[in-house]
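Below are structures written as structure tokens.
Shared chain: chain A. Partners: chain B in the first complex, chain C in the second.
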Partner chain A sequence: MTHKNNNKKFEKQHYQKIQQKKEIKRPVIRNCFKAFFVGGFICLIGQVITTFYIYFFDFTEQTAGNPTVATIIFFTMLLTGFGLYDKLGQFAGAGSSVPVTGFGNAVISTAIEHRTEGFILGVGSNMFKLAGPVIVYGVFSAFLIAIIKTLFMKWMG
Partner chain B sequence: MFTNKPVIISTGTVGGPMEAKGKIADSFDLLHDDQWLEQASFEKAQQLLLEQAIDITINKSPIEEEQVEFFLGGDLINQITPTTLALNSKDLGYFGLFNACATSTEGLALAALMVNNQAANYVITGTASHNAATERQYRYPTEYGSQKPPTAQWTVTGAGCALIAQEGTGPVITSATIGKVIDMGLTDPFNMGGAMAPAAVDTIMTHLKERNLSPSYYDLIITGDLGKVGRESSLELLNQKGIHIRKEQYVDCGLSIYKREQPILAGASGTAASAVAIYGYYLDQIKKGKIKKILAVATGSLHSPLTVQQKNSIPCIAHAVAIEAGSDKL
Partner chain C sequence: MIFLWAFLVGGFICVIGQILMDVFKLTPAHTLTSLVVLGAVMDGFNLYEPLIDFAGAGATVPITSFGNSLVHGAMAEAEKHGLIGVVTGMFEVTSSGISAAIIFGVIGALLFKPKG
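For the complex of A and B:
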């Protein structure tokens, strides 16, 4: 029995070696460049919008962030709805998923997807399926940092 | 071995918009240019695909719907409900099957077995899959912008059915080899071809050994949806086991359906991949007399989103069915 098991294990390892050789690798360096430029371009658009709000409306550098995020997420929503954002995602990878637009896309795409199951059980309960972990761990790590900061300030007096 | 020579007297294939732009678009009986098929959900669209494929198969055959006794088939979506709902509108005995993308040849083998053993006169087997319905069940929402690795595959939107009868004109099913569950410990659901290749190899070897044939007996050995990665890996594995198949003799449905410039990464997949390619394109080739003997080996990756998240490796299966040109073409 053990002999048979060993044989099987050997066969598995052998095949996994073949597989490693045959598997088409992700073009990591090319992906990094694409992500860098697309991600950077999205941030550039964000910066343009921020500047726009500061110059033409009554915002300061501190307060212009919120309307900028809202605007850029609105455009993401349009791109997602027209079926363009997933194509950008396949091209840019992290470049389009790390900025706030990626977060917007994660929420909006699930909302569209589950429309067929109704507004409550479909859209309502699935909307944060992909974005949920970001919120949970985002809030949790902010909480931890806040505690550390508070303790630190107390000790330092 | 099927000594009574069950015959595939008719087939029907339906495809979606991506398939319409593909390499074998001409072999489809019906093509849709809208992936919703004017239905309220992707699942309903898939159900309609199967209904249409069944209707076409019966319409193309010399018999009436009332004469068909059983339907054997399944799909990839939640408890194979699209297939069940499609059969709701038909007056047929229904066997629901699930072997992921190997469901097509599983159904074909079982249908041939029933007909061969005189358990039935006319049996339909078939399966449907829908790209968006499958993506949302197994992966991410359709519009979600995640980057897929180059080993990922594109699920076919389509359906393929075959009608098997005791006698009639058409290609004959001569034998079938039922595969075992094979798990080589691969865990990446974005590389199903690589995971399924050993199952295909195991079934092909068993088939050749049991029937005492050399691979050159067949004009084509057609695997289901191994894609680029799986095809290469299985060829190497076969070579190492001492079975030499010529490259041009070893084709894959996953690589037959789409054109290279379509954005499908490593190839097509889905239960319908093997169904539309085999029942549509390859059987057409047999009917035209271009090829005479094929071995269809559909491969299935039997994972679920749950087992993948729980870090299980991917168990796979492959079933082989040998199809030869009918006596009128030999």
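For the complex of A and C:
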């Protein structure tokens, strides 16, 4: 029995060695450049929209983030619907998934993808399949941090 | 000037994401979750607000700002109502992102057919 297990272990190690050798090396630096420029460009567009809201709709610099996010997600819907965001994602990697457009794309693309299963069971129940973890752990960590901070501030006066 | 900083800071946050994905081999979902938690922790130490003042949309557009605004809403309400405010105020500031995603998600599903 132990002999068999050892054999399996050996096979596994051997497999991992081959896998490591054959694995395509990711062009990390080039990917980082792409992510930097695309991500930066999306934030630049965001800044243009923010400036627009500050000058024309009485938002302050602190509050203009909210309508900006909503507007950007609207544009994401159009790009996702026409299949352009997928192509951008293949090129830019994290540059397109880290900005809030990536969050919007994750929600909207799953919604579109599952519409054939119906609007309640398809769209409704799958919408947050990809974006769910972000909300769940965002809320849970924010909860812990806010509790700690509130207690800390009470004790410190 | 704020436009340049928005570009640079936003790009830099995306590079952090790319490094998490490529060097530490995290899946996109793990990467985004880590960044949200990072944003929440940064606001816990009052570091995210100065970044927004400095870089504008460079700090509000990346997903890290989601964590920041969750803590922000929770803290604003907690100052008024004590510990229970942490729960009631959680989504106060973030509602626009999630509402917009849901609304445009349903509209998108109505308008577009899946491709491929």
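Methods note: the second predicted complex is superposed on the first by the 155 of 157 C-alpha atoms of A that agree within 3 Å, B and C clash if a C-alpha of one lies under 4 Å from a C-alpha of the other, contacts with A are read in each partner's own complex, and residues count from 1 in each chain.
Going forward, a contact is a pair of C-beta atoms (placed from the backbone, for glycine too) under 8 Å apart; a residue touches a chain by one contact, two chains touch by 3 or more.
Since this is a predicted model, take the numbers as computed values, not measurements.
> Identify whether chain B and chain C fit side by side or clash on chain A in the overlaid structures.
Superposition result for chain B and chain C: fit.
> Kindly classify A:Thr116 by the partners it touches after superposition: chain B alone (first), chain C alone (second), both, or neither?
Touch partners of A:Thr116: chain B and chain C.
> Based on the superposed arrangement, let me know which partner A:Phe74 touches: chain B (first), chain C (second), both, or neither?
So A:Phe74 only meets chain C here.
> Residues of chain A touched: more by chain B or chain C?
On the superposition, C touches more of the residues of chain A.
> In the superposed arrangement, which partner chain does A:Gly83 touch: chain B (first), chain C (second), both, or neither?
So A:Gly83 meets both chain B and chain C here.
> Output check: A:Val100 vs chain B and chain C. Expected answer is one of first, second, both, neither. What do you get?
It touches chain C, and chain B stays clear.
> Using the touch definition from the top, say if A:Tyr15 reaches chain B (first), chain C (second), both or neither.
Only chain B is touched by A:Tyr15; chain C is not.
> Taking the superposition as given, does A:Ile24 touch the first partner, chain B, the second, chain C, both, or neither?
First partner only.
> In Å, how small is the closest CA gap from chain B to chain C once the two complexes are overlaid?
5
> By the touch definition above, which chain A residues appear in both interfaces, chain B in one complex and chain C in the other?
On chain A, the residues that contact chain B in one structure and chain C in the other are 26, 31, 80-81, 83, 93-94, 97, 102, 108, 110, 112-114, 116, 130.
> Touching residues of chain A toward chain B in the complex: what are they?
Its residues touching chain B are 11-12, 15-16, 18-19, 22-27, 31, 80-81, 83, 85-94, 96-97, 102, 105-106, 108-110, 112-114, 116, 130.
> Sort out for me which residues of chain C touch chain A in the complex.
Interface residues on chain C, with respect to chain A: 2-3, 6-23, 28-29, 31-33, 35-37, 39-41, 43-44, 52-53, 56-58, 60-63, 65-67, 69-71, 74-75, 78, 82-83, 85-87, 90, 93, 95-102, 104-109, 111-116.
> Across the complex, what residues on chain A touch chain C?
Touching chain C from chain A are residues 26, 28, 31-32, 35-44, 46-51, 61-62, 65-70, 72-74, 76-77, 80-83, 93-95, 97-104, 107-108, 110-116, 119, 123, 127, 130-131, 133-135, 137-139, 141-143, 145-151.
> Touching residues of chain B toward chain A in the complex: what are they?
That would be residues 40-43, 136, 140-151, 184-186, 191, 194, 197-198, 228-229, 232-233, 236-237, 263, 266 of chain B.
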